[in-house]
Every structure is written in structure tokens, then in C-alpha cells.
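The same chain A turns up in both complexes below, where it pairs with chain B and then with chain C.
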Partner chain A sequence: MDEELGGISEEYYDIPPVKYEYLDHTADVQLHAWGDSLKEAFEQCGMAMFGYMTELEYVQIKDVHTIEASADDLMGLLYHFLDELLFLFSYEPFLICKKLVITEFNTQEFKIVCRCYGEEFVIGKHPQGTEVKAITYSAMQIIDDPKDNKYEVFVIIDI
Partner chain B sequence: MVVRQYNEEIKYLEKINPYCWRIKKGFQPNMNVEGVFYVNSTLEKLMLEELRNCCRPGMSGGFLPGVKQIANVAALPGIVGRSVGLPDVHSGYGFAIGNMAAFDMDDPKSIVSPGGVGFDINCGVRLLRTNLHEKDVLPIKEQLAQSLFDHIPVGVGSKGIIPMNARDLEEALEMGMDWSLREGYVWAEDKEHCEEYGRMLNADPSKVSLRAKKRGLPQLGTLGAGNHYAEIQVVDEIFDKYAAGKMGIESIGQVCVMIHSGSRGFGHQVATDALVQMEKAMKRDNIETNDRQLACARIKSVEGQDYLKAMSAAANFAWVNRSSMTFLTRQAFAKQFKMAPDDLDMHVIYDVSHNIAKVEEHVVDGKLKTLLVHRKGSTRAFPPNHPLIPVDYQLTGQPVLIGGTMGTCSYVLTGTHQGMTETFGSTCHGAGRALSRAKSRRNIDYKEVLNKLETMGISIRVASPKLVMEEAPESYKNVTDVVDTCHAAGISKKTVKLRPIAVIKG
Partner chain C sequence: MDEELGGISEEYYDIPPVKYEYLDHTADVQLHAWGDSLKEAFEQCGMAMFGYMTELEYVQIKDVHTIEASADDLMGLLYHFLDELLFLFSYEPFLICKKLVITEFNTQEFKIVCRCYGEEFVIGKHPQGTEVKAITYSAMQIIDDPKDNKYEVFVIIDI
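== the complex of A and B ==
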């Protein structure tokens, strides 16, 4: 843990509504996430990934960790953001996230800083869903359209 | 990108014989060689339908049918022979799954591509035999399944139970099964019956990122999830008595254990890391491909060499993994039957890889050449008398283990000389998916699947109920179709058919 949980106010326990779905793909699954901003679409995409690994209603918020991701372009940024989240789960602290809050979202320099709220994954407490093996660039789409207020991402994850 | 109408596209495809189609140059741009795919009439319909669906107006890019992917691979620099699609071929990242492609190591333009190996490096199958018969196991089948499930860590978030630290991992990555042998987890003869003797010598752990090692360490000795499994199987049919006898398979009803697993998060991270490096290398070396996902590097470049060394380390990880599970399986059986695994004759019949790149010698246009053979969702199938296969299989050819889908059947095949010529000694790997996972989750009820398995007398222990629907046999092509096609096409020979009586999945 890199922060005192006591420093988080009540509102951080509010879980945002679900703004993602899973789309058909032959061998793997495509995450489709959206939001009122591109930042929110990214956050929802991260949650979509965790939602496939377990059932989120069984996850509580007991820990918070901060991750950083950077890249050379926007697709790379989404890719590395999800990869960092996957790593948070695969290695210490083995964190399964209930909520993601991106605190820095820089689409000029392609950098993200994100606060990840959740707890350590425990077999028996958390249902075992499907394992995510890797993030891919396959059919990746990022729709950033302020004119039509459309912010969506499509990512295929290898399972 | 599919740009032509179906009627135009089909002109580039030609049926050579009832089991084989060729893909002519021009089907995709820049093809250096032709493509070929092996199908029977059922599988043929699926292939062509996939193509037809993609030719309809309004279909967006990103999803390419298997035939197109085989053709894109044929456009890669340095490819020789043909880009081969095996009967279980289906759409994947860049390379289709069930795609073999070989590159001339003497051609400076030749490339190596992580997409041609797959994310799950050295995903493979190991088959153990026993001297038990189905009737010995039936009375305690449930306990045995439970025992296996308790011994072998499975599913999302599972961690290995064999104690290891970072130093052990480094050694395991370098030594492969030699590490397992040193630590006492395997028998010396297990190595004999494993491709590469369970260790790729050019493995270099220093070429593997810290991130991959961190992801790998907790997972060593775990089964994984998805389509990985451990199954207690019985011999259902023997097609070739002599070859089966050489494998120690003597009678119908004989009990075997099949383990299907790979290099877990470790292999995935190695592949991911390499793809990032290679994208940069492609810009620098002016390598162009038809698809961003066919990221590759010149074999002789730093990126290419680093990948091969890291890939070998990941291959070693997978062999150590399957060896650890072999150990746990032997323990589970020993406890239940109160006999030593030795007395149960629990020997390794063979261990095959179906996601790997190997340096092999093959005859191309009458000349012996050294090739880098990429097999993604494709198994090596060397013929009789090949120097790289164990002594006891010299007369029969290499055993090829084909895992079926949950609740169906599995096969053991042997390699043939025809396969060596036509596909550089490669054959299928399994069933190949037909339905998407999301569709399966929606259309198939998991209780129905479990009930069906129960009526077939198959005990199942699964970590994730949702997985049961995704992995239902209905979601896959028919493995018997796939294997029969390989047999009919002459690229491998049916030897034994196995039927599961217990399934452990993640």
C-alpha cells in the first residue's frame, strides 16, 4: 500500500455505473467501453478487464495503489495502461480493482497516472472468472469525438 | 483488409485434392510463396464462410479470415515452401492459429515473428501412461479427480505451491527440465520423451524482462485457465497396435493422464515485450508487412536474436511447469492407490509443443536447408528414423498429442514422411474454436454442460463456472474431423483415441 486509506474521503467509495460490455470474438474477447470523456472510457475499459477476471460485486475496497503508464501514441497509451493494471493483478500486490480514478490524463505527452482501488485477490472469496493473458493491438479503436460527445474504446484481450 | 467481392476472391483459391486447397499468389499483396490449407468438406465450409462473411460490404477491418492471414504470412520476407494452414486453422493475431511458416536462415532478409509463435510460448501437451485400467479407477474416480484438483493449482489468481525464489527461477529458465530433474521433480527418462529433451540450449534469462520474471514466478507449477486442463483419460480405440505398443499403450481401457498447459503469464509477457521492440526495429530496418500484428525482426538482428533467446527461456518455463504438474499428478495418484508412481508405470509417453519456433533442417527444392520453423497452434510431427526423436520411437515416428475439447476425445498420432515433405513435419494441434466466447456465454447454459458431462460419466472439477460454457465442445470445431483430415491428407497417422473420465480446469 502506498497511501493511508484514512486519507480517502467518503465519495471515493462510490462505485461508478458500468459503462462497458463484452463483444464477440472467436478465441478471445473484445472490451468495449465508453464514457463522458476519453478519460472515463479508459477507466471503464480497465474495469471491463477486471470484470472479466472475477465478479466485481465480491470485491471490496481495502487498498489503493497508483500506477503510471506512458507511450508514444494514444493506442500505445491505452495498451500500456491496461498492461500496468494486468501487472498489478499478476504480481504483488495481486490487486483486483473495484474502481479506477485517472488523476493525470495527458494526451499530448501520452501519460497516465491512475489510482486503483480494490483488494488482494483471494481464491475462495473472489470467484475465479477468466484469466487475461495479454493486451493486444488487434482491432484496437479509440474514438475521441468531442463534437458528438462520443468517447469509446475497443480492445481485444487475449484470454 | 478484404477489398474484393467473394466471387473474385474465390478465383485465387484452388482445390488440389479432397483434403487440400492452394492459395495462389495475388490473394493478398506481396506473397512470396503460395499458401495451402488442409480441410475436409465440413471444415472447408467453415473456412469459406468465414471468407464470405468478411467480403460483405460494411465489414470493418481488424478481423481477417484465416485464409487471408495464411496469405499475409506468405508475404513475409524469407519464407520458403508454403504458408501452411492446418485443419484446425482459425483467425488469430497476425498469424492464424494453426499456421506453420518456415524461413531460410541463410537469407539475410528472413524474419522471426513472435506472432508466429503465439503469446502462450510452448503451450503444449504431455501424456502420461499408467498401468491402471478403467475398472481400477471407476470406484474412486471422484476422489481421484478431487485429489488432482487439490494438488494442481488452477484458474485465475492461482499460485504455484512448489517453493521457488527468484534465483530458482533464473536457473529453471536456463536449465528447463534439467532443473526439474536436479530438484527431484521428474525422472531422468522423462527428458528423453520430450521435445528438445525439455531444454532449449540457447535460452538466456538475461534477455527476459524483470516484469516477465515477476509475472512468472508466482505462476510456476500452475495449470492456468482458458483451454488448459488436466484430464484422466482412458484408451478408447487403438488404430495402430505396433506404434501404440511402443508408447506403452497395450489395451483399451488403459488409464492415461493428459496435461495441456503453457508458459502462463511469463510467456505472454515475453511475447508482449518482443512485439514492442520489434515494432521499432521494423521502422529502422524497413520491413513492411500486410498487417501491423505481423510484427517481426530480421532473424540475425539484435531484436530477433534477443527474442529467440527469451522465447527459449519461456519454452523452458513451460517444460518446468508441465514437469511440476507431472510431479503433482504422480503424487495424487500415488496417494489414492497407495503405490509408488513407479509401480503405477506413470511414465511420460511424450511432450509436444504447439506454439514455438524451432531451428530445423529440411529439404527445400532438393537442397538441405536450415530453417526457422514457426508453429503457432501446430505440432511438430517428425517421421520414423528422424535423428531428433527418441530411440524407442525411431521405427514408429514421433508421437503427436492432440488434445480435444472438454468432454470430447483426444488423439495420439505419429509423424509421417509425407508430412515432412508437405508441411515441414507439422500437423494440427487440437480442435480450433468455432463460436466466440461471448456467444458461448450467452447461448450455452453451464448447468446443461455440466449435466451432459455427468451423463457421459465424466467427473469435472472447474475453478470458474463461466469457463464451462466458453469451453463447451459446441464452441469448438470437431477434433475428430480435424484429426481425420490430417490422417487422410497423409501428414500424420492416427494411432490412439482417448476418452476423458475426469477433467480438471481453471
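== the complex of A and C ==
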């Protein structure tokens, strides 16, 4: 099948014009986080998202912000919690978080208050990971099993 | 909502353990290619795929290989054509192609013979683009319209 290029005419080296383009790039990744409580699994899931955006060892704790999220059910709560974190990063103060501490975790009224520790994202200082475009409900799972002491969440994010 | 870290206790700087992982990364991109004939649209689609794997301006024409593809229908032909090209890259001779010239394009018996011009892919010399994992039939479109002189293909590849 193969053959060496020997003393070959110049037309072999002609380069064709470009008549193509790349459309509709889509991608996602599933975050899986766990903890000794559902609250910790949520915190870990948020940190997993930030860990995908950069390498967290380059991030220092210089600043703290408080976010709030509320919803009508537990999945909605996880969604809005992550969405608030994404907003914190995407707009002023452009905070990349190394640590999240949920100070109010209300699974009756579906409300979270969370303290977010980190610093402003600075290109050059912080390696650019993958841009997170959106949180999704797709195949979302929340395991809240006190009997087996199992607390886990699975969330797919668009990247 | 936000607040400066002032003279703050050391526990603020404690870093939580990692209790998360990343699962099931999936991604795809759609190639769209066209030409003055369906044959040229196929050639361009193959070059589009190689253009996604590296930057083709760094690739020289040093070698030529011939591939063959056959199928039961036109979509199958496009699929197997791209799959043969992917094979050419993934295994010996690890050829990255800058130019493709289809020398036999039989849309009755669904057979292609193609000459593939390029060189062995060498990390360091050639920028690493995105790994192409597989060709797919998903949403594949082949426009073969001599009346309007429109020849286009759309192929989604897994990356």
C-alpha cells in the first residue's frame, strides 16, 4: 500500500484550498463527589467544578464571598448552588474557589448559604483549565442514605 | 455579599481533602466540508479531520500512501473512507495528511481509492490538536445536488 515519494513532479506539493469548517463543538464531563454528609458532598461537588477550571494548587485563599441558593427540590438546589458558584467565577468578582463551606444547608426549605474562599482568577497566574459553560440536570443523581452513611452526587456539566 | 479577609484565624486557610472525581468525558465536533464535486467534498472532509488533529501548516508532504474504502451505501462509504484515514494515522505509518486525492470515486459500487500525502506524525514537530476517537453516523448528511452545483458533507466525530 505504501510507496516512497521519489523524484516527483511539483504538483504533488500543491496544497488544496480549504473548503471546510468546524461546527457545533459539544462536550461534557460528569462530576462525582461524596462526603460524610450530603452537605459535604455538595461542597465537594462545587470544588470539583472549580478544580476543572484550573489547578487548585495554584489558587490561594485571599478573599471570601457568600452565596445563597434556593429551589423547590433537592436537585434544583444542587443545580442552583453550582450555578451561583459559576456566576461568582464568570462575573465580578471572578472568584476561583479553593474551599467551600456551607453554613446553612436546609433540605426542608431547599436553601443553601455558602462561604466561598479563594481569589480572583488571573490568567498567567492560574493555569486555564476547561471553561464550564453550564450546569445540567442531565442524569443528575443525589444519594442521601444516612443508614449506609452514603452521601454522593453526580452532575454533568457542559464544557 | 462580599467581604475582605482581615486578620483571620488559621482555620480559614485549611484545605479540605479531595472527595471528587471526573467521569465520562464525552465530546464531539461536526465537520462540514464542500467542493465543486462530491469527490472534492469527501477529500475536504478527510482534510478537515486531519486539520483537527494538528495544524496542517506544520505538516510537510514527504510520503504518500494509498487507501481503499468500500461500503453498501454512500453514507457507509463516507464513514469507511474517514475510518481508513483515521487508521492510517493511528497505526503504522502514523501518517498525518495534508492533501488527499481520490483517484477512484465510484458512487455506484460505493468504492473509493485515495492517495494520501503527508508525513509521519511527530510530537514536538507537529502541534498536538485534539485526538479523534471515532467517526459516527450521527446526523450525517451528504448533499449531492448537481442541479444547484451543491456538494457538501456533514459528519460528527467523537473527540
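FYI, the second predicted complex is superposed on the first by the 133 of 159 C-alpha atoms of A that agree within 3 Å, B and C clash if a C-alpha of one lies under 4 Å from a C-alpha of the other, contacts with A are read in each partner's own complex, and residues count from 1 in each chain.
The rule is simple: a contact is a pair of C-beta atoms (placed from the backbone, for glycine too) under 8 Å apart; a residue touches a chain by one contact, two chains touch by 3 or more.
Just so it is clear, the model here is predicted, and its values are computed rather than measured.
**Student:** A:114 in the overlay: touching chain B, chain C, both, or neither? Say first, second, both or neither.
**Tutor:** So A:114 meets neither chain B nor chain C here.
**Student:** For A:131, using the defined touch cut-off, is the partner it touches chain B, chain C, both, or neither? Pick first, second, both or neither.
**Tutor:** The first partner, chain B, only.
**Student:** For the three-chain arrangement built by superposition, which of chain B and chain C touches the greater number of chain A residues?
**Tutor:** C
**Student:** Output check: A:34 vs chain B and chain C. Expected answer is one of first, second, both, neither. What do you get?
**Tutor:** In the superposed model, A:34 contacts chain C only, not chain B.
**Student:** Once chain A of both complexes is superposed, is A:123 in touch with chain B (first), chain C (second), both, or neither?
**Tutor:** first
**Student:** Taking the superposition as given, does A:54 touch the first partner, chain B, the second, chain C, both, or neither?
**Tutor:** The first partner, chain B, only.
**Student:** Scan A:83 for contacts with chain B and chain C and give back first, second, both or neither.
**Tutor:** Only chain B; A:83 stays clear of chain C.
**Student:** Touch test for A:19: chain B only (first), chain C only (second), both, or neither?
**Tutor:** In the superposition, A:19 touches chain C alone.
**Student:** Quick one: classify A:65 as touching chain B (first), chain C (second), both or neither.
**Tutor:** After superposition on chain A, A:65 lies in contact with chain C alone.
**Student:** Based on the superposed arrangement, let me know which partner A:44 touches: chain B (first), chain C (second), both, or neither?
**Tutor:** So A:44 only meets chain C here.
**Student:** So which positions on chain A get touched by both chain B and chain C?
**Tutor:** In chain A, positions 22-29, 159 sit in both the chain B and chain C interfaces.
**Student:** Quick check: in the complex, which residue numbers of chain C touch chain A?
**Tutor:** Residue positions touching the partner: 1-5, 12-16, 18-35, 40-41, 43-45, 47-48, 51-52, 61-67, 93, 98-99, 117, 154, 156, 159.
**Student:** Inside the complex, what are the residues of chain B that reach chain A?
**Tutor:** Interface residues on the chain B side: 60-63, 90-93, 97, 119-120, 155-158, 211, 214-215, 217-219, 224-226, 265, 268-269, 271-272, 292-293, 433-439, 463-467, 470, 506.
**Student:** Under the definition above, what is the set of chain A residues touching chain B in their complex?
**Tutor:** 22-29, 53-54, 83, 87, 89-92, 94, 96, 121-123, 126-131, 133-141, 158-159
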